[in-house]
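Have a look at the structure that comes next, please.
Chain IDs A, B and C follow the sequence of writing; residue 1 opens each chain.
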């Protein structure tokens, strides 16, 4: 009956034409436009057609992928994979070993540099991902409010940040409650939130230090300690609000937060929704006062991978090369306002025109030489979740000292990664 | 001849159910049980792990915490719901004008999606700009950190859950109350009984089955608490609003620990059934 | 005196139950920067939030999906549950009591056990990201079976025997002869099923990724928890209002039936 028809009609899964390659892109309108341009360009010149499908963003995209792997319907090429996830997929043996492709390593070295090459090499010595784009995390600041308290830019050190907090965070309408704060981060205990506060600050403080090395936690160090102490002070002294960002309207645009830690996606968002006369700028995130050297930050990297169900990985690589060519990278920047993970963006002649006409992107371009993604660890999400638990207890609710939090996190991560010998 | 035809016809009639049961009940239960002895992150093949998941669960403080949280939620939610719905039902059962308007008003939250209620209450509970706190400060009281204080998060969610469901139980109690013959109360009045005595000796016993049903429904519903903490608190602060289902969801869909999630699910399910059986024994009075 | 107190209590509570809906609707019709200070009526009335929302997410499509899925499920549930309920009520066959007890047992089975394996079943059958995944797991409802069983049991056997003499087979007996007599049950099952499937969120969140196939509550959840609303509270609230609206409209018209069906289902 109807039931049976249902089952049969749904069981029919589209047969892929033999010569076609499937490419999954993100669902974001600008990236779809970007993809369409290059897919069309390729299809007019080649016999192996690329068919592209946008899939939902964010956490959902991981679940789509999961379902695809189980159902054996993975795409040939998947763009937009968070760098932290690659190791898990690599260890499961579903990704192509890209370093075995002729010319791959040199191409990447040329485009991205040695450091990035090292960063994306898996623990087994092979490379399973193509670094594609980044969204460096920086401070955005409300120019008018910061000038009012005597700052030309967002505070650059912990000390000055706290001083700014003292000046700005106050109760302006005398109802007994503070109603403006120097900044805020999400207090919801979700693992990926830490990438944009704790982890970014940790990278800045430690000049690109690692969380996990050789399957062992290495974050229990003085840099993490300084970061946690700084963040804890911000909440203790009520310079940051203990409130969920979901409630009410955007407080940065309303002038209630003077700064925020965010990425280049913020530029067009703020331009679109800001009230009249609102002036804003970007600066690197703060570092400890004793810090030396350039300020690093979190790259929020999304990369491209090829699944080993792909019958023509070499052709797939040829197509991907067009996306990360000079033309590709320029189009990426101009269409999506996300940065390609290419070295020397500022010096290159390629982007000079764009930067001139879009000056707000310049801080991010400058920052792009000092970014780091994630370490290679299969259980990175859970590691961050453990850190987030301790972060919440220490920073937001003042139930532990930073040292206690780090010790507890280290212990939990050791248990997680199976390093029983390290537990005393 | 006719009798045999009869029987085949019956089997045909129930065949959809049997098929459905096998695919969506029997198979999952067995597969779930099978999964508890394996480690599986979906993209790699399953790895046999014996009793590893069970051991992990016994040492997992979040497992116990989510259980305690859920029980804490039920302990607040069920009595408050019972008292409130029974109380209002009793009031509405007397000669009240516009009773159907009131009944409809209370029923309104029941029919809308849990998502609507959750998003709505997120705006009510906000610390600085939430409506409830604004009301409190307007009348001179202090603001409360509904969702940002460790011991307040679960009660806040319980209040919201009660608000959402109470209309249904008011209706159920009203139906039950209306079956009590009026002359019982008239006789009691003649004997000089107080309101409270009337309630205790006439009303309560008569609606005992309804009370029992409300408790069971609320319990089973309470154990499946998910969307509210998922949207409002993410399980915080400090995992105080981490319900059992939310924890299973996190293990399965954040960390890809399918085997462990199945272990948690199975264990919680058995515990729920235990609780329901216990409630049946102690609360249901047989006639 | 006592009466006045009682009425005050009732009115206060009634306000507490209605006001949040009212506020939400009003806020969704206000400009973003005024929501924070809003108490009763908006100073400026605007449809901007709704327009913006329609531009960001396919909410019309989600509405369609929800209507489609809920309707099909309701239809299937009535159809199949009536069949099974009839078989349990009016026929005798080996295994009848066993099936009855299995149904009762399954009703107490919490969904935690079946959630993940059902998801895997959907993946293996290739139903993920199809309407099928939303529909198939819900086409039979234990509660509906019991309701139909109850209803059929109260129909005199003579009616069925007469129909059988006339040559009707089982299906015709159920749907042509008996259905007209049990309209209240059918309506109850229909309303309850439609409502519960409409509000179902966890399952769609797990099996549907493609935005074009999402149900309304699912889309609104992702919209509100995810970043698509771009932090615009008014837009988020607009989507929430739109989610609540269809059921509330249906409620105002079918109020009597709604409450009746909830009550009668509870009594069993």
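Structure notes:
In the analysis below, a residue touches a chain if its C-beta (ideal position, glycine included) is under 8 Å from a C-beta of that chain, and two chains touch if they have at least 3 such contacts.
Quick caveat, the model's predicted, so the values are computed rather than measured.
Of all chains, A has its CA centroid at the greatest distance from the CA centroid of subunit C. Ranked by the number of C-beta pairs in contact, the top chain pair here is B-C. For the pair subunit A and subunit C, the distance between mean C-alpha positions equals 38 Å. Computed centre separation for the pair subunit A/subunit B is 38 angstrom, with centres defined by C-alpha atoms. Look at where the CA atoms of subunit B average out and do the same for subunit C: the two points lie 17 Å apart.
For subunit C, residues that reach two or more other chains under the stated contact definition are 36, 120, 139, 206, 224, 233. With touch defined as above, residues shared between interfaces to two or more other chains in subunit A number as follows: 3, 63, 70, 246, 248. Listed for subunit B are residues 16, 123, 129, 253, each touching two or more other chains. Within the complex formed with subunit A, the subunit B residues making contact are 16, 41-44, 122-123, 125-130, 137, 143, 145, 147-148, 150, 232-239, 253-256.
Residues 6-7, 9-14, 16-18, 20-21, 23-25, 27-29, 31-32, 35, 88, 91-92, 96, 101-116, 119-121, 123-124, 129, 131, 163, 167-168, 171-172, 174-176, 210, 213, 220, 223-224, 226-227, 230-231, 244-245, 248-249, 252-253, 258, 261-262, 264-266, 268-269, 272-273, 276 of subunit B touch subunit C in their complex.
On the side of subunit A, the complex with subunit B involves touching residues 3, 59, 63, 66, 69-70, 88-89, 91-94, 175-177, 179, 187-191, 241-244, 246-248, 379, 381-382, 385, 389, 392-393, 396-397, 399.
Listed in rising order, the residues of subunit C touching subunit A in the complex are 32-33, 35-36, 76, 120, 123-130, 132, 135-136, 139, 206, 209-211, 222, 224, 226-227, 230-234. Listed in rising order, the residues of subunit C touching subunit B in the complex are 6-7, 9-10, 13-14, 16-18, 20-21, 23-24, 27, 36, 80, 83-84, 86-88, 91-94, 96, 99, 102-103, 106, 108-118, 120-121, 137, 139-140, 145, 169-170, 195, 198-199, 201-202, 206, 217, 220-221, 224-225, 233, 236-237, 240, 243-244, 247-248, 251, 255, 258-259, 262-263, 266-267.
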